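Order as written gives the chain letters A, B and C; numbering starts at 1 within each chain.
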């Protein structure tokens, strides 16, 4: 776990300025880095730190020209942030959880299979007819119902509950306490004021490369044959609600505590802020950007739109209106004053005519 | 699992038009249905599909008169949606989870009893002095503390945590990861700025026919003898917060991520939208309808009122005010213009007098 | 568990008026109390109940002078509410959970240690190199990852999941289903529209005397060496989101379903309402008070400020503006009317000049 600056530059396809033979054993932030560590500089507002950092090397952009002398070596690359992330990943692989095997006691039902490299933690439960791919990590206290499919290289953290019939893709990451496949919230009102539970017979499909945070909930679809679908590359944060029959489009990112009501289709490559609420039965455009705490109640969104407010309107429009909202008492006062003056003028007018 | 159209009509008390001898083996939506399947038509905007559907039979309202020729048989009933739901339920019973018995390892304390038809999943934990009714299903990794009572036919999904002393009624359905009976959030401020934890000694009572979604939390009451109460027929969605000493009235429905603060009494037969916040120490009227993301901070609600906004006002009132809110920059501009003109007029006036 | 009024007064350092020899066996609210029970009177609006209560004794403030005859004894103290809370605590200790020992099956990894008075419930999982203090209670189905430290007298309720490397202090209370140490939500956008997961290598530090509600989530910090920090005396309610690298200042209280985005520093001794959203990369002042459902998006808060709205402004400012907001349709109408009159006046003006 020790590399030279030259070796790291080779890995990143970058050029070295300064002493390429220095040794690196750790990554750090530029303002905190110590000798033997490597940092990066991407945001210009951190440039000041490069002149005082104790880092042995700093990854910078190709065109970076220092304004003062530097004590550190530089590695020049096209995108310092991505390069640093790539290093982080390599480091993470080195130190990360590599457990394999089956801890006891754990439970696996009939006709269920697991691939090579499996880790099944103690007190994890796998039902019948479950097909689990290679290099899957199932932490302790996980529940996987009957007839589920779990793809290769997927990691399921402690206490996740996956209902029967759920399909999860490859390279997915599901954090602790999350529930996938619970019943959609469907109740038919009866004449006597009670509600009858509508059986929820569909399932959930989570495609490849999806990350799901902790204590999030994804309900199953109502009808058999239907699915709630989380498309490839979607990233869901913690404590999110995804209702029955929802579809979240490819590469969309949703921040914590947001909720999507039943049967809504969220577009691709969108960014949904924290605590946003999206109503039911909507079809949203792609590339939306929705500000935190906004509420989307209608469907005629445009691709690339930035939305804010509840109900949401254009982001700029919202902030402009809100700026006036703060001054409403002043506006009310000025309006009253104008009315008074107007009444006075109108009282005089008849005399003049 | 195959019935004739006539048999199904008999079950629903409906009349057949078309071939009553055709075979049905599955339910489906009218726009997706294939041969051998039965669908329903309730909402007129789906009527178009009945002329093209491949369904073998469609359940329609008594007074339905087709505008074109139909390839499918009809079953005429009073309420097609309810009839279809009834069929779904029958189907659900046929295919649903019928496990009974006790998987090992599982834990049950002293003096605890379970009724006939019990399922206790592996890694489920039942404390001491717990009384569990007949046909109860306790999924894996469930925790039930000491002195709890669980009624007949209740289903408790994987990883539910029920604190000591909780009472749950008959025919309840509790989804995965939900917590019932955790401490109310009560802390007494001390002179030095710290808080002292107020012991929470009450419990939670969940009456019959209550459904609770996944990862929801219901806190216990503060004082011994007091209870947080979820009344008969209430339906709670996922990720809901019910604080200490709250009472949710009969047949009220609460959507996902809503929260009710301590000691508040929510009325009967109300519909509370997603992400709604209801303040503490309120007594709300019955039959309220509260729009998503609203905040209820005061108590003088009227039965049947529709509320919206934070703090919530009348729904219509809110939307009317919000329509003007969007135009506030224009209003501010027009007001300024008027002030300018007024100043000009007033400047002229003295000359005229 | 039976004491005389005199004994209780002695415990509280209070003076008795009335019969000090009466027996007390239970605590209750003044409006519900029965013979043999003790209640308290703190809020003057409950004074009416003291004249009709069946309580055997009531704890009142030193300077309380009854306006009518009383059937109950009085214990006069400086702070009746605190005294009652102290009694509640004593009672709670008497009746509360005193389990010790290790239930089977449970799991503990290599080089992990537990102190005297430990309770480890069935199906609880403790990884490798975990150091657990004295009198710690670990309920069933808890997961504690490798290299964690858990302080003395800490209680961890059923189904809590604590990721590897987390440090938890003394006298902490963590309710069921909560997740501590899950990955921060960090993804680097790639040129092809996908996101690369940024490895999350930091941890979470929870200091002493922290209480955390049920189904809350606290993410770990991004960089190794960094921590998400919950300072001493903080009280977090249920279903709260604390993102990566957040710090919550000493003695701050956060109500249910609130969320704090990444890298934000919430000040000390603040009170954050339910469903509040706090944006990322902010440094908030101490002693803030933030109204329920508010959204904090900027950083220039003042110590002691009361905030409300989304984005939040001053509490009074918000309510004043909202009062006008409700009347916006009227304001729009009056503005239009003024414009009409003004147009008329301006039309006349040229004639006069």
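Throughout what follows, a contact is a pair of C-beta atoms (placed from the backbone, for glycine too) under 8 Å apart; a residue touches a chain by one contact, two chains touch by 3 or more.
Keep in mind that what you see is a predicted model, and the values were worked out from it rather than measured.
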**OP:** If every chain is a node and every touching pair an edge, decide which shape results: line, ring, star, complete or other.
**Re:** complete
Original post:
Do subunit A and subunit B face each other with the same patch, meaning over half of the contact numbers show up on both, or with different patches?
Top reply: different
Original post:
Just how far, in Å, is the C-alpha centre of subunit C from the one of subunit A?
Top reply: 26
Original post:
Centre to centre, by mean C-alpha position, how many angstrom separate subunit A and subunit B?
Top reply: 26
Original post:
Which subunit C residues reach two or more other chains?
Top reply: 105, 123, 141, 159, 177, 215, 239, 257, 275, 293, 325, 327-328, 331, 335, 338, 342, 345, 352
**OP:** Flag every residue of subunit C that touches subunit B in the complex, lowest number first.
**Re:** 26-29, 32, 81-82, 85, 88-89, 91-92, 95-97, 103, 105, 121-123, 139-141, 157-159, 173, 175-177, 209, 211, 213-215, 233, 235, 237-239, 250-251, 253, 255-257, 269, 274-275, 292-293, 322, 325-329, 331-332, 335, 338-339, 342, 345-346, 349, 352-353
**OP:** Note which residues of subunit A are touching subunit B in the complex, please.
**Re:** 105, 107, 123, 125, 141, 143, 145, 159, 161, 163-164, 177, 179, 182-183, 185, 187-188, 193-199, 201, 215-217, 219, 223-225, 239, 241, 243, 257, 259, 261, 275, 277, 279, 293, 295, 297, 310-311, 313, 317, 320-321, 323-325, 327-328, 331, 334-335, 338, 341-342, 345, 348, 352
